[in-house]
Amino acid sequence: MSQWINQWHDTLLLPFLHLGVFTKYAMLIALVMFTIAIALAAWRLFRGPADEDTILALDTLYINSLAVTILLGIVFATSVYFEVALVIAMLGFIGTVVMAKFLAEGDIVK
Amino acid sequence: MTQPTLLVLMLLLPIIGALALLAVDNRNRALAIGIAGGVTIAACALLAMLATNVFDGNVARFRADWLPSLNVAFSLRLDGLGFLFASLILGIGALVVLYGAYYLSNDDPPARFFAFLLFFMGAMLGVVLSDNLILLVVFWELTSLSSFLLIGFWRHREDARQGARMALTVTGAGGLALLAGVLLIGHVVGSYDLDAVFAAKATLQESALFTPILILILLGAFTKSAQFPFHFWLPRAMAAPTPVSAYLHSATMVKAGVFLLARMYPALGDNDTWFWIVSTTGLATLLLGAVVAIFQHDLKGLLAYSTISHLGLITLLFGLDSPLAVVAGVFHIINHAVFKASLFMAAGIIDHETGSRDMRQLNGLWKTMPITATLAMVACAAMAGVPLANGFLSKEMFFAEALAVDAHRLLSIATPIAATIAAIASVAYSLRFIHDVFFNGEPVGLTKTPHEPPRIMRVPVEILVVLCLVVGIFPAFTIGPLLAIAAQATLNVTPAGLPVYSLAIWHGVNLPLMMSAIALVGGVSLYVVLQKKINLHTVAKLPGDAKVLFDVLIENLVVVASAITRTTQNASLQRYLLLIILTAIAAGAAGFWLSPSTNSIAVRPQPANLLVTIFALIGMAAAIGTVFMHRERFNALMLLGLTGLIIALTFIYFSAPDLALTQVLVEVVSIILMMLALNFLPKLSVKETNHFRRYRDMVIAAVAGLGVSWIVYAVLTRPFNSISPYFLRTTVPEGGGANAVNVIIVDFRGFDTLGEIAVLGMAGLIVAVLLRGISIAKSPADGAFEAKAPENARPSLLLSIISSILLPITIMVSIYFYLRGHNLPGGGFIAGLIFAIGIILQYVALGREKVEAQLPMNYGKWIGWGLLAAGLTGVGSFVVGFPFLTSAFQYFKLPVVEAVPIASAMFFDLGVFLCVIGGTMLALATLAKVSSTRSAP
Amino acid sequence: MIDFLNTHLPILPIAAPLFGAAFALIVNEQNIRTQRVVAWIAVALMLGAGVFAIDRTADGILSVYLLGNWQAPFGIALALDKLTAIMLLLTAFIAAIALYAAQQSNTDRGVYFTPLFMLQLMGINGAFLTADLFNLFVFFEVLLAASYGMLLQHCDRAKTNAATHYVVINLVGSALFLIAASLLYGVTGTLNMADLSVKINTLPPYSHALALSAGFILLTVFAIKAALLPLNFWLTGTYASAVLPVAALFALMTKVGVVAIIRTLTLIYPDGSFGNVAMSKVLLIVAPITMLVAACGALASRELKTLIGWSVVGSASMLVTAVAIGNAKALSGALFYLIGSTIAASLLYLNASAIDAPSSRPTEGAANSNRNWAWVGTLFVIGAVTATGLPPLSGFIGKAVILAGAAQHMWPMWLMSMVLVAGLLNVIAYARLGSRLFWKRDAAIDGATHVVPTALLALAIAGLTIFAAPIQRFTDRAAIELRTPSIMRDNVLGKRPIERQTSPSQVKP
Amino acid sequence: MSLELLVALGIGVLAACGIYLILRARIFDVVLGLTLLSYGVNLFIFFMGRLAVGKAPIIKDGVPLNLASYADPLPQALVLTAIVISFGMTAVLLAIAVRAHIENGHDHVDEDAENKSAR
Amino acid sequence: MKRLMPQPLISAMLFLIWLALNNTIHPAHLLLGALLAIAIPLWTSALKFATPKIKQPSTIVALGVIVLIDIVKSNISVARLILGKESNIQPSFVWVPLDIVDPHAKAALAGIITMTPGTLSADFSDDGKHLLVHAFNVTDEAALIAEIKSRYELPLKEIFE
Amino acid sequence: MMPIWLDIIVALLLILGGTFALIGSYGLAKLGDFLKRLHGPTKASTLGVGAVLIASILYFTFSNRGLSVHELLITLFIFLTAPVSAHLLIKAAMKRHSAMRPPPPNKD
């Protein structure tokens, strides 16, 4: 058990050492929460039942991934991932728009 | 002219003539005949100019550099044997040209005929003049090819086409065997030159490869000379025009086989294997040909089998493996050529003037064609071996040699007996030729009224018949010297080494003479008996015709080949892909299988944390989900999108921001593409009924996946040394950018990128090739793109407004990414994709037609400008003397602004930017246009 | 000028068609005349470069070109050795012929024909020139993408369906190529083939299995291109459905696979390195069987284009056999055979247009037609004789040299018998179909055939045959060069970039 | 579970799923399969430069210039090329699927298969 | 001026975005940003779409504050509902009659309604005079309509009309 | 090292963001029909991501990098685009299930 915890600490918190003591654990909690959020959205994606649900789920996954990207930027203390988040925010919705339009009208460029 | 020049000119003349004839109009008969005749006579003259030299016992040679890889030159030699054959080829050739000039009807294209004929003449000359074996093979196969063309000359006739193919197949196959044998000789001897091969006789015959070599060479000889069991093609070759039969299939080409025996005798002869194979083959052929000939109804068929028989005789003589027999063989080559050619010509005349070659129709022609009859009768006498004709002399020598066989018990008895039987048969069929055609009652059902041919058409026959007699009566004066030099060359001996033989009609009463007498009496009796008892006319086709066997063989071959092709190439992509994947699995496994396994894992694996594991599991589940949902395409695409998202997160986690950016952008564009395409496709894949196939594929896929995993794991647990630290060290000082990935893309490996943008540009072009101007007439049955609620197709206000605001923003963001790429994630590709997405968004929000009307853009040109920009950056470095794509960067000091770095790589990246926009937009716009065409009523 | 050419020669065959494509795209699509001029300029430059390359390599110079002035193995290098020189000239020649034929028949009025044609040439030349494995992948993609576009020119149902198979198979092949190339990088840490040649032979034993797997997968990829069994079934249908000038150009593409196999077996895994023997043995089993299967396919063919396709397969497997035999004689023979068989395949494809074209219905027996028909027949015979390896044309010469090399190999009987039996079956196949096509019908054709370009190809074959001596001396030397991988290694890795002076303006103030 | 194993398994799953779908009879399924396969292949290339967490190869002052401090940039550049090419080819294959469907009336990978048997 | 800067609002926005993107107010970027902010609309305005006219810019800030507060507030309430029993949720469609006509105003209203959790704008009526709103939990339909009209529509009307 | 007040604020923001994102996704997974589910994730996209973005701004601004405002852009883009997604999704759902769509408004 203690070995498990040590391993957790090593693999999860080692990269966070530059963060403040509260932020360090908050970051861990936030990452866990976002991971669960992503897992739940993924579950909805697998589950459906309607095609709209899967689009909605994928849209949610994109937004949550955006947040995870920002979090990883803080974790790795780098701003090089910022643009990924920017692009998801600016253009990620197009996928949703196109899929929704496809479902509604078939032809998406009419 | 020097001797070598004369020699090569003699060979080239017919070939040049053939080429010239190709250009001659077939209506210009006189010109065609003139060229053919002129060439032949000129070649004859050249041969004559060379004659004295050869008769002096010298060998004329020509040598030109040709195939240094094989150490083979274009080398010709004219020795006695070659001279003999060259005389036959050119002499009889001249007569055949003359004969053919009258033989051909007005419908036959003369230029083509004589072109082929001269082509053959050149090839055949090449065979007999070659000074090395490779060259000999070359000309050998050319004779097969020209024979194929000549047999098929009357191409509208099925039997001609079949006969041509059969001859080509059999002699071509023999030629390939010959080639193999020759190559092995070259391997053993180290040279293909005849002299070297002769000199290496001992080495050759002691080599382990000798038996295969001998068999291969003999296969070549036997097929060409129609030896049993390869004889069947020759009768079928009679579909050729008669001049061809006279020339190729009696006088010359079929003699190439026995020529080869003679040629190779010094190197391959003089041993038991040679003796047994050659003599028994010759013997069998001799008997078979002679007996079957009697029962032919077709004049040319009779002559063909007779030819087979005589070729067997010559082969047998070479097989007997004694110098005297070889001399007899050479002698018979001459004699047979002369009388058989004349007989074929006679048969041709008969055919020409009566319209038939069937002896059941032809009767009593003596009355209408007395001169031709006389000529034919003399030639037949020669064929039958009647004294005073040339055939008699060589047959006598043959009988003597047959009796001389004593080394081998069985053959020493069999040979003389077989020789006698064959001689009896040959008398019988010769008699049948004379009796059945010129006498034996009245013609039956002829379409033409028989009469003598034009005077000149008979001339060649007359010349040959006179030759038969002259040689038959004064052999020593006429043929003696030629025979001597030919035999000498064949045996590869000096004049002194020649065995003692006598060319005289009368050798006293001896056993051979007795045999001749028996043959004459027996032959006449046999024919009389056969005519009386069973009436030869009623004999149907002889059973066991090898031709039928051959046809069956070829048909079966084609059936088998088709079956193989059909089963392997069943036009099933799934099958092909399965094979490729299985091969790849085998290839991957082969490395581990063939290389001794070493499990020294030198790198300690790092533990994976739970969150990463969860993400990985979601990704794997999404991939597997895509598989399980694949029939419901839309859902499968959603799961695929999730997989792609996880891939992007993977890139982020493992330090690849550029890849993550690219992945996300490509995902967005891909989903648009997929939606555009899916609109025209069924939304549901047809359910699979073949469960075996599914499970099989699952197993294969699993195995492949495990293999990939295994390899990845193996690599990741091995230490790594790479060239990459170089990039990290030089990217800033020499590449001028902090983003090593981008500097690699636009500079270190900018050349890859050049290719990559070409591919992306082409993707757009290809989509245009596929779908430009395509409209869909009717909705297919499987429910693809059924109309959806058209009544409510109002564009969304919210979407339109947000899109119009986003367009300038995306363009600005795109420029931002373009400018910063060298130092931070971004660059031309990413910028291009963002730009393109910005425009696509307008298509989605406002509709294609409106966007294209208000923002007309020729995306093909964008691709062109992009390629041009990239290419100009490349050649720009020439100016300063550096190689293609050498980047330069400078800091420029501008007013207000501090120093800004301008790298030439940015101009290159501009090319990338333009190409990406052009390629992506061309693909998307073309697909979009298809949809719009469809929605029109 | 000569200095300039000496320096930049290797890039010319890539840059010329690149600019050709760019200009052809920039001018208006309807402006076919300008596009034609552009294409001819590019092809003429390629021809010049090819001749110059032969001349230079004949002087014993192996030109190495460091793109971006980065030293190999860090940057991408082009290497121009004798093999490459041969391929460049051959490509330029076939391209000129195909271009002529395409323009003659207005095939180039398809959608984006000229740019795709140009990029096809750029891809082929790049694949021959590059000394970098991943760059080879990129150029494979360029030439394949272009070939998709070329195949689909004048798109119809048959072309679409052929393209479906062709594209999917090649995409799978590309995936395998990426796996093999990156695996080699993962094991050796380099991508330059000359560097790979060095690194693979100094690899620690624990990496041997991985390197060998990579090698075999790489061979699989090239075998798809070279149409080896069991990866070849896509070829005949694909080529048969292409427009004929395009098919004539496609005759080159199997050769790209063959050349890649040559590089694999002579440079990356050269004679004497671990893996060479295993790879060669596998190929020596697979390639001769392919030859036989191709011969069966030829025999079963009922259409000329299918027959030619099988010939292409057969000649590629012949080449692979020779390469796997690997001795100098077989390699030299292979290079000679490669030239002739490529030209012959192009010739046959172009010639087939006269026979298979709908316009070849019997027309009023104008003598002119018959004359054309005679020419078509003669050219067919020349092509068939070369393709089947019958004497005396170049096909035979190459085959004979390869067989002489086979005689020196440890499996002479197997190799020779397969080659000869396959050869015989091919002869039968051509005789059957040829006699049916040319003899059975009294066909006449109208003037719009490719007699001129075909005749040029036939002349080339005649030239190869008659002037075999200088060519063979060149291929002999090329074979020795290939069998001495140190030449390539030393030249590529030893080439130094041009010294750059860092100007003050290049230092950040 | 080690990170190496996780990565290896992930790539294996992607490859297996891709291959299974490639072997299906519909062009669209093949497109899905090729996309999955190219994901797998891209990761394969990427990880040939080994695993590096939080070490983006963007040069920062004062960090030693070696593979211990930065991820290997070369495989990343190769993957970029691979992504672009596979994206372009996906577009081509989709266009082919559309055209084939127009021509044949079905999107089976083989022209005549629809008539032969239901697969 | 009109020709040089066809969409001044957009240009201003672009200028600010450029500075934010580059995270700097360096003179070089001010210059470049200004250039781009002018150049890009010159090209994109070819896609003609009615350019919004802002009458009362000051109201924008007030509306922004309201919206932000509403986002936080309704987020919390919706979170409660989600965590609670599902049967407590009473979702419903509501047609909101519109007084505004400017398309930009309508779009902004639709966006704001969606961004404030608890309501989603679903569609406009065919005549464009009603906005269909889906509300997560409706207890009083009239109150909801009144709130939307007063809190969001009125300020928007001031801004745009 | 971050100052303690910043540490606490950032920590709170992170947990706040995580909580809202989780609740949003929980709603997406749990709720019974599409229209209800649609409301869940909109939280994640606004408050959840917003909190994380503010945390990021604060973190990068105070970890000696100077003012970091480009996260605001992300917020701007989310505000611009998220309504469109939801809007089109609900439109699509209504189009596919006409029973879902309420009757048109009374003309008054």
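We just call them A, B, C, D, E and F in the order they show up, numbering each chain from 1.
Please note the rule applied: a contact is a pair of C-beta atoms (placed from the backbone, for glycine too) under 8 Å apart; a residue touches a chain by one contact, two chains touch by 3 or more.
All of these numbers come straight from a predicted model, not from anything done at the bench.
More C-beta pairs touch across one of C-D and B-C than the other; that pair is B-C. Taking the mean of the C-alpha atoms as each chain's centre, chain E and chain F sit 15 Å apart.
Distance between chain C and chain E, defined via averaged C-alpha coordinates, is recorded as 61 Å.
Computed centre separation for the pair chain B/chain D is 40 angstrom, with centres defined by C-alpha atoms.
As a whole-number value, the distance joining the C-alpha centres of chain B and chain E reads 75 Å.
Residue positions 24, 26, 38, 68, 70, 73, 80-84, 87-88, 91, 95 of chain F are each in touch with at least two other chains. For chain A, the set of residues touching two or more other chains reads 31-32, 38, 51, 55, 57, 80, 86, 90, 92, 97, 101, 103-105. For chain C, the set of residues touching two or more other chains reads 134, 138, 141, 145, 148, 155, 160, 164-165, 168, 172, 179, 183, 185-186, 191.
By the definition given earlier, chain contacts exist for A-B, A-D, A-F, B-C, B-D, B-E, B-F, C-D, E-F. Contact residues on chain B toward chain F in their complex (touch as defined above): 788-789, 792, 796, 798-799, 802, 805-806.
Contacts from chain A toward chain F in the complex involve residues 18-23, 25-27, 29-34, 36-38, 40-41, 43-44, 50-53, 55-57, 59-60, 63-64, 66-67, 70-71, 73-74, 77, 79, 82, 85-86, 89-90, 92-93, 96-97, 100-101, 103-105. Across the interface of their complex, chain D is touched by residues 15, 75-76, 78, 80 of chain A. Within the complex formed with chain D, the residues of chain B that make contact are 571-574, 577-578, 581, 605-608, 612-613, 616, 619-620, 623-624, 626-627, 630, 633, 636-637, 640, 643-644, 647, 650-651, 653-659, 662-663, 666, 669-670, 673-674, 676-678, 680-682, 685-686, 688-690, 693, 697-698, 700-702, 704-710, 712-713, 715-717, 720, 722-725, 727-729, 731-732, 738-741, 744-745, 748-749, 752-753, 756-757, 759-760, 762-764, 766-767, 770-771, 774, 776, 780-782, 784, 823-825, 829, 916, 919-920, 923, 926-927, 930. The touching residues of chain D, counted against chain A in their complex, run 53-54, 56, 58.
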